[in-house]
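Report on the following structure.
Order of writing sets the chain letters: A, B, C, D, E and F. Residues in each chain are counted from 1.
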């Protein structure tokens, strides 16, 4: 395996890799994750959803806003001019819990995988925060990249 | 079940709950999570670890710095004067991957669960970012509160 | 009139006034403002409100989050441990438009007027942003302090 | 009226609209607002102005810096590479108070109205902050877009 | 020498040291630094100073605002409720250049040395930024702690 | 000397200069600085370096992250899409202390001198923070631009 961790230079020191010579292409990434909770917790959130939908709405906004700050949080991420961020949140009785999907898009020299993953992570954390008073045992999991397109490495889909 | 989602007021609108009447106590929270990856990816990170340790070091710093910005990311979290944040990262061949634990402490009127969970989440995201060039299929999971102490609700431990 | 602008020292240079000797008291501030718009714009927002309420919900979250960043935006404001922020948004057919009220609370050495005013301002800006595609002529106005309590100067109410 | 609130998708959920297919054009926006105050307060500020000008200078800097953070404050705003921000502040005896105008410019895929409006709002808030010790009754108002140019919708001027 | 670098734990990993058991005391720190420049550059700045003073005023504001964000910039710094920040900037023909001094104060469990040093550093950088078009060879130097008081280690003065 | 301080307009008021008409070129800047310390302090850091390298690693990460926030710290800096940031830190027994060099690169309408200088400054501050418990007398100095390329003014090298 000749792969290298591109964030480490020859001496192993961390650096922001130079993307200045990459071409500007349309790049999209979709990520997902979920929050597993007690059935009663999900019911409470859905009732809120039925009335004002604020847990869902707040988590969605938090995810979108966090995507825009990805480069502040992840040390070696490049700043990006995101052209789109969308966060979808759905109740899943089978978990039971909420499933969260985020899509990020940019026309730039580097991909938006981290922006989509950060949106999902912060939306999950916001759900935890808003429901933790009734259920401290919630677990956030399954945060992964679903697909990406654009850039030299081309399209990629999770198995 | 008479529990309420404390972030929603009587009309279901989101608000920052008033903690002004809570007593100032010493509060601690410990959270964990993990990044599952290919065995080769873990080996590459560990080799880096053997030389300069920068993936681990970078993720640790990212987690600590993110904990301090929790109230900026999570809409209804209160600002806090964190007195301690520590992030531990260990390789686990059985996953295979990295296990991340974060401890947050404060002397304040509200708990630090979200700070510990945010530190874990951003440390996980940083690992993903630094190794994604060789392994886009990594999955972040198992992010949960392990224990907390302090405050009116007292100590709590994950089952 | 012997009043002084407390942010200017003897030479007129700006500085953060020393509040280190002020006593820690419970301090509250309430501020208000409004966005005047076309009747059709208000109707569209209210329809959204009837369905998912997202303009209102988004503006409320934006206001709360901005309150926590007041000291980053206003150069000479002190950082504060806000214990509560609440933002209320109501439709007013007479404007026509939305009326926004924010309450901020802290137990600290300096007041929270700026936090309440910042919450109102950013909530108003968010309404503008979300409706500007249909109505660029909206006007934000009437942003003022309604009342404050706590601190050496004691309670104050708008005339 | 067939207009839609572009920030709400078909189900009414908030999202950052996709501007990836918009053309990159030179875009400019000018916004204004004012702070109404007691004549004595204006006199004090102007005296400061005569000496060191620091209230004006501080508010101007605060407005410029806030414009750069618009996308952090307004949930659904896109990040932008502002090429210019200017804030003008003038005393107006007739108000009495200060009139603030901001100009923002970008070469990008979306407009800079929110950046200009945010600059005005935060400059107004800064004036309030610096003079509030002598005049809590100041009112911020008249915050509106004066004109914009560039983009598909073309030039627009306030009536 | 038995001193330890307190930010490194037993295994050498970075962490935010636990200050939860330190007593809350009044703490002050004063730091200084300077920007050396061509005599002509200093003259231009002073002329500006004579008219509107904006280089000096802008650098002062930048330093004050940066002090409030020290814990965001310096990875292992604790968040603090600064009660005072003041930045003084004086022309020094002998350098030639500007001498900058910053004072920070807090009532807290950890010192404010980094806040004072960060204020000086960012004020110096701002001077460089504003004058670099006429003098790229400016040098920032002499950034050091002048004195501190409060805390277990007590008062300290630079030799 | 007909030079002007480009950040000041005709009336001396600060503003972000309009770079909208500048051409987009590849721009690079390299800056340097150093932290002078006691020989024992350097030895302690190097021992840490021999074991886990965390002082160096932490300062490097802090510098890289700060470069991305330059436009938030320096009032009149333009936001930029940095394509590369690298920070090198070397021990120098002759100082004694650490020498820090930062390189920043962008494809944009304005230069990256401030980003490189900010990276150096914050890396130096981080070294100070991590070693201050054993050596409060450290001095940060020699922060200057080494070279820049790109843009209308073309290449520049420190004398």
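Points worth noting:
Everything below uses one rule, namely that a contact is a pair of C-beta atoms (placed from the backbone, for glycine too) under 8 Å apart; a residue touches a chain by one contact, two chains touch by 3 or more.
Note that the structure is predicted; figures quoted are calculated from it, not measured.
The minimum number of touch steps separating chain C from chain E is 1. Of the pairs listed in A-B, E-F or B-E, the one whose interface repeats that of C-E, with over half of its contact pairs matching by residue number, is B-E.
Distance between Cα centroids is largest for the pairing of chain C with F. Averaging Cα coordinates per chain places chain C and chain F 36 Å apart. Taking each chain's centre as the mean of its C-alpha atoms, chain B lies 30 Å from chain F.
Taken residue by residue, chain A touches two or more other chains at 13-14, 52-54, 57-58, 61-62, 65, 69, 72, 75-76, 79-81, whereas all remaining positions touch fewer. Applying the touch criterion to all chain pairs gives A-B, A-C, A-D, A-F, B-C, B-E, B-F, C-D, C-E, D-E, D-F, E-F. Interface of chain D with chain A (complex): residues 9, 13-20, 71-72, 75-76, 78-81, 108-109. If you check the complex, the residues on chain E that touch chain F are 1, 3-8, 11-14, 33, 40, 44-45, 48, 51-55, 57-58, 61-62, 65-66, 69, 72-77, 113-114, 117-118, 121-122, 124-126, 128-134, 136-145, 148, 156, 158-159. Across the interface of their complex, chain B is touched by residues 52-54, 57-58, 61-62, 65 of chain F. For chain E in complex with chain C, the residues that touch the partner chain are 26, 57, 60-61, 64-65, 68-69, 79-88, 105-107.
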